[in-house]
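Per-chain residue numbering starts at 1, and chain names A, B and C are given in the order in which the chains are listed.
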Amino acid sequence: ATEWNVSVWGKRRAFTEHIEKLAELVSEKTGGSFTMNISYGGLSKNTENLDGISIGAFEMAQFCAGYHADKNPSITVLELPFLGVSTLEEEWKVSQAVYEHPATAADLARWNATLLMPSPLPQYNIAGVGEPPRTLKDFDGLTVRATGGIGEALSLIGAVPTSVTSEEARQALDSGIVKSIAFAPHAHMSFGVMEVAKWWSDNLNPGTVNCPVVVNTDALNALSDAERDALLGSVDEAMEYYIDFYENQTMKKWWPLLEEKGVERISYNEERLAEFREKAAGPVAAKWIEDNTARGLPAQELYDLVISTLGR
Amino acid sequence: MAIKASVLADDSLLSRLDRGLYRLETMFGLVSGLSVFALMILAVYSVGGRNILNSPVRGYVDWIEITMPLIAIMAVSYAQRDGVHIRMDILVSRLRGRWLWIAEFVTTLLVLLLVLLLIWGSWAHFQRSFDFAAPLWSRDSTIDIKLPIWPAKLVVPLAFSVLALRLVLQLWAYGRAILLGTDNPVAVPLIEDAATIAAREAEAVTGREDT
Amino acid sequence: METIDIGIIVSLGLLVMVVLGMRVAFAAAMAGLVGLIWIFWAKKGYDPAQFGWALTVATKTAGQVPHSKVASQALSLIPTFILIGYLAYYAGLTKALFEAAKRWIAWVPGGLAVATVFATAGFAAVSGASVATSAVFARIAIPEMVENGYNKKFAAGVVAAAGTLASLIPPSAILVIYAIIVEQDVGKLLLAGFIPGAFSALVYTLIIVGIAMIWKRVGPPIGGFTWKERFVSLPPALPIVAVVVIIIFFVYNPFGDAWGTPTEGGAIGAFIVFLMAVYRGMRWVELKSALLETAKLTVMIFTIIWGVLIYVRFLGFADLPGAFADWITSLHMSPMLILICILLAYAVLGMFMDAIGMLLLTLPVVYPAVMALNGGETVSAADSAFGMSGTMCAIWFGILVVKMAEFCLITPPIGLNCFVVAGVRPDLSVQDVFRGVAPFFVADAVTIALLVAFPGIVLWLPSLAG
C-alpha cells in the first residue's frame, strides 16, 4: 500500500476541491491501496510547500506562484495583469500549456517537483469600504491589498498596493490599513471581506494568481504503473469537478450575496478600461520579460505561448 | 527584571574563552535589541506615512519578516550563556556536587547534538534560497516587494554556530567540574534558589527606579 | 507501529526531558526532531539502509522551522511589548502612577492597598510581564504601606497578587503567544483580556476593603491629601494613559475604524514611552541595557516558540492532536466537566512550571480537543456545547488558561510572584508572603469560577469588535 502526504493550507474550500476529488478517485481506482492524507497546514507553512517537496517531507502540495516569485519565476507569467482570460477552462488550458513548457519543467525540477495540475481562479476583483472608485481616476491614492502583477497594474493608475497576508486582509480593512482588497470571489467570502464590503469592481478584471499542485518527482517515479496511471488518469476528472464546483456552487452563492448585502457593483466604461489595459498590460509584461530573461528563462517565448494559447 | 544567573570567572583558559565568547554574544544581543528599536521606528514611520502623508510604506510587512530572525534568534547564545532559557529545575536543584554536573553534562550534550543537526537543517534551508547564478543571489523572495530572503535565513545557522561553541565550552566546564569535584565551576550559569534570583531581579529594577 | 503511538511515546519522552531539567525549548525541539526521524524511518519499514534518508528529511524539515515560524508580522508584537516594559522604568512611570493612585484613594479603608492594585493595573497596561511588575511594586508600595501601619504580610500579599494582572490586561506577551499557537486574531484576544483583568482588579479591591473594614488594624485609611496635591500628581502619570488609549484605539475604536494593527499600536506606545524616558534623562548607557534585556527576554520566548513548533510539526505528521480530540469527544462526560478537569490539570501543572512553557507545551494537543468539545472551529453558537461560536470559544479558553497560569504565580509551592516579593523584602519569608496572599488566592478561584460560569464577561468586548 502507498500512502502520500499532501500539504495544503487554510480550510477545505472551493480552492482545494480538485485535490480532495483526486484523492477520492485514486483510492477508488486502486482499490484503496494508494491513498492520500490531505493535511490543511499540519505539514508545512504555505510559503514553504515547495521546500517540503524538495526535501521529500511530503509527496504532493499546492502553492501560489506569487508567494515567492524567485522560487518559480517561470509560472509567474500566468500572473501578469490583463492577459484577458475569461473562463476557468481558459485558465486551465493556458496554465497547462505553460506547465508543459520545458523551461517551466526545468524551473520546477530544481525543487524535485513535477507540475500536476493548476487551481484555476477567476479574475480577481476589488471589494472595499468607503467612497467607491467610480472612475479609474478615483483609484488615485486608494490603498488596496493586492500582490504580484495585479498590484503593479493597480499602482500604474495611482492605487497604493499594501502587503498583508490573506488571513490578515479583513483586519487590515477594519483597521483602515487598506480601503480595498483584491481577491477571487471564494476568498472574498471565506476571508470575511463580504461582511463589511460596500462596493465591488464588477468588470475591472485585472488578472488572477496561479496556484499549481505539484508532486515530488522521486515519489512519482516510485509509484507502480497501476498507481501512476490511476493518479495521472484522474487529473482531468478532478479538474472538471473543480471547475464545476467553482462555477455551480461558489459563484451561485456569490451573486445573490452581493445582492443580499447591498454591495454596489461598479462597472467601468469600456473605453476607459481599454486605456487602463494599454497603460498597465504592456509595461508590466515588458518588465517581466526583461527581468526573467536576465534570469536565463526564455521569457519572451513563455509570454508568447500564453498569448497564442489564448488565441490573441 | 534583569534575568541573569551568576557565572563565575577566574584566569584559566576556559574562563578567558568564556569571557571572549561572551563579548561576541553580547554584540549579537545588541544587534537584536537594536533591531527591535528599528522595528518600532519603522512602525511609527509606517503609521505616520499612511495617516499623515497619505503614502504608506511599500513592503512594510516584507521588512518585518526580514528583520524578525535578527530579533528572535540572533541572541540565542547570549541567553544560553546567562542561563535565561527557562527550564524546570525542581529536580536538578536537589542534586549536589558531581551528580549535579553529570546531569548538566548529559542534558548539555543532548542540546549540542540537537543544535548541530539544526545547523545542518537551517543551512540547507538557507541554501535552497540562495543561488550564485541568480540576480541578487536570490532563489526565494518576499511576497510584496520581492526582497531576497537568504540573508534572513542565513542568520539562523550563524546564530546556532555560536550557540554550538557556547555549548562546547559549557561541556568542557561541566566535564572539568566532574573531574575536580568542585562546587563552584567557572563559565557556567549556577543554579540558584528562587529567592536569590528574585532578589537580584528586584535589585536591577530598583536601580532603574532611582534614575 | 501506528504514527499515533509514536506521537504518544515521543510526547512522554519530552515530559521526561523537561522533568530532568533540560531547557524547555531545546527539549521540545529534540522531541520533535527525534519524532520526525522516527516517523520517516517507519515509513520506510525501518530499513537500516534508509535511516540516513529519514535523518536527512527530518533534519531538513526541522531546520526550516526556526526561520520560517519567527519571520511573521504578528509575532513582532512580542519584542515591542517587552521593550515598552523596560523603557517604562526609565521613564519613571511606575512611581508616578503609584503616587497619583495613593493621593486619590488612600482615604478608604485599605486605601493604600487599593492604590497599589490600581497602580499595578495601570502599569500592567503598558507592561507584558507579571513577575517584573511585582518586583517593581514590592519596592515602591510595601514600604509606604508598612510605614502607615499596614500589616506587613498583608501588604506583601497585595503586591504579589496585583502583579498577576499584567498578563491579562493588554498588552500581554502571553496572550500574543496563545493567539499565535492557536492561530486566532491577536487583537481580539488582547481586547478580551481587558474586562477580566479589570474584573480581577475589582475583586481584589472588594476583598481588600472588606478585610480592612473587618480588621481595622490591617489597613487603616489615610487622609490629608488636599485637592491641589491630588491634581498635581496627575500629569506625571499621563503618558501611561496616553499609551493605553493609543493601544486600545489601534485594536478597537468604539467610535469608528480602528487606527491600525495591534503591532502598530504597540510600537507607537513604545515610542511615546521612549520619548518620555529620554526626557527623563535616559541616555545611551541606559538605552543599551534596556535593549540588551529586551533581546534576552525576547530570544528566550522565541526559542520556546520555534522549539515547540518543531514538536508541533512532528505532531502534524503523527496526527496526535486529531486523535486526542477524537478521544476527548468520544468520552461520555459533559463537555463542561471535561473543561473543568482540563483547567484543574493546568492548576496542578502550573505549580511546577513556568506559565509560557506550560502553555506552549500543552496547547498544541489540548486546544484542538477543547475546540472539538465545543463542536469544532466553525461551529455556530446555537449548535455548540458551550453556547458560543468556535472563534469565541478560542478566545474564552485563551483567557481562562492565561488566568490559570497567573493564578499559579501565587500558589505554593513555587508561586514565583511570592518569591520575588520575599526576595525584595529580606524581613519577609516566603511563607509570610504566601500567608498574606491567601485571601487573593481565594479571590482568584472565585474569579475563575465566574469566568467559566459567565463567559459573557470575557466575550462582550471582542464581540463588539465584530
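Here, contacts are C-beta pairs under 8 Å (C-beta built on N, C-alpha and C of every residue); 3 or more make two chains touch, one makes a residue touch a chain.
Bear in mind that the values here come from a model prediction, so they are computed numbers and not experimental data.
Counted by C-beta pairs in contact, the busier of A-B and B-C is B-C. Central chain assignment: C. Criterion: smallest distance from chain C-alpha mean to the mean of all protein C-alpha atoms.
Rounded to a whole number, the gap between the C-alpha centres of chain A and chain B is 39 angstrom. Annotation: 22 Å between the Cα-based centres of chain B and chain C.
The multi-chain contact residues of chain C, meaning those touching 2 or more other chains, are 60-61, 64, 68, 73, 259-260.
Across the assembly, chain B contributes residues 50, 61, 124-125 that each touch 2 or more other chains. Within chain A, contacts with two or more other chains are made by residues 47, 51, 55, 164-165, 177.
Those residues of chain A that touch chain C in the complex are listed here as 5, 11, 39, 41-45, 47-48, 51-52, 55-57, 164-165, 168, 171-172, 174-177, 195-196. Residues 1-4, 26, 29-30, 32-34, 36-37, 39-44, 46-47, 50-51, 61, 64-69, 71-76, 78-79, 82, 84-92, 103-104, 107, 110-111, 114-115, 117-118, 120-125, 152-153, 155-156, 194-202, 205-206, 208-209, 211 of chain B are the ones touching chain C in the complex.
The residues of chain C lying in touch with chain A in their complex are 40, 53, 56-57, 60-61, 64, 68-69, 73-74, 185, 187, 250, 257-261, 313, 315-317, 319, 377-378, 466.
Residue ranges on chain B touching chain A, taken from their complex, read 50, 54-56, 58-62, 124-125, 128-129, 133-135, 138-146, 148-149. Those residues of chain C whose C-beta lies close enough to touch chain B in the complex are 17-26, 29-30, 33, 59-64, 66-68, 70-73, 75-76, 79-80, 82-83, 85-86, 89-90, 92, 94-95, 129, 131-132, 135-136, 138-140, 259-260, 263-264, 266-268, 270-271, 274, 281-282, 286, 288, 290-300, 302-306, 352-354, 356-357, 414, 416, 419-424, 426, 430.
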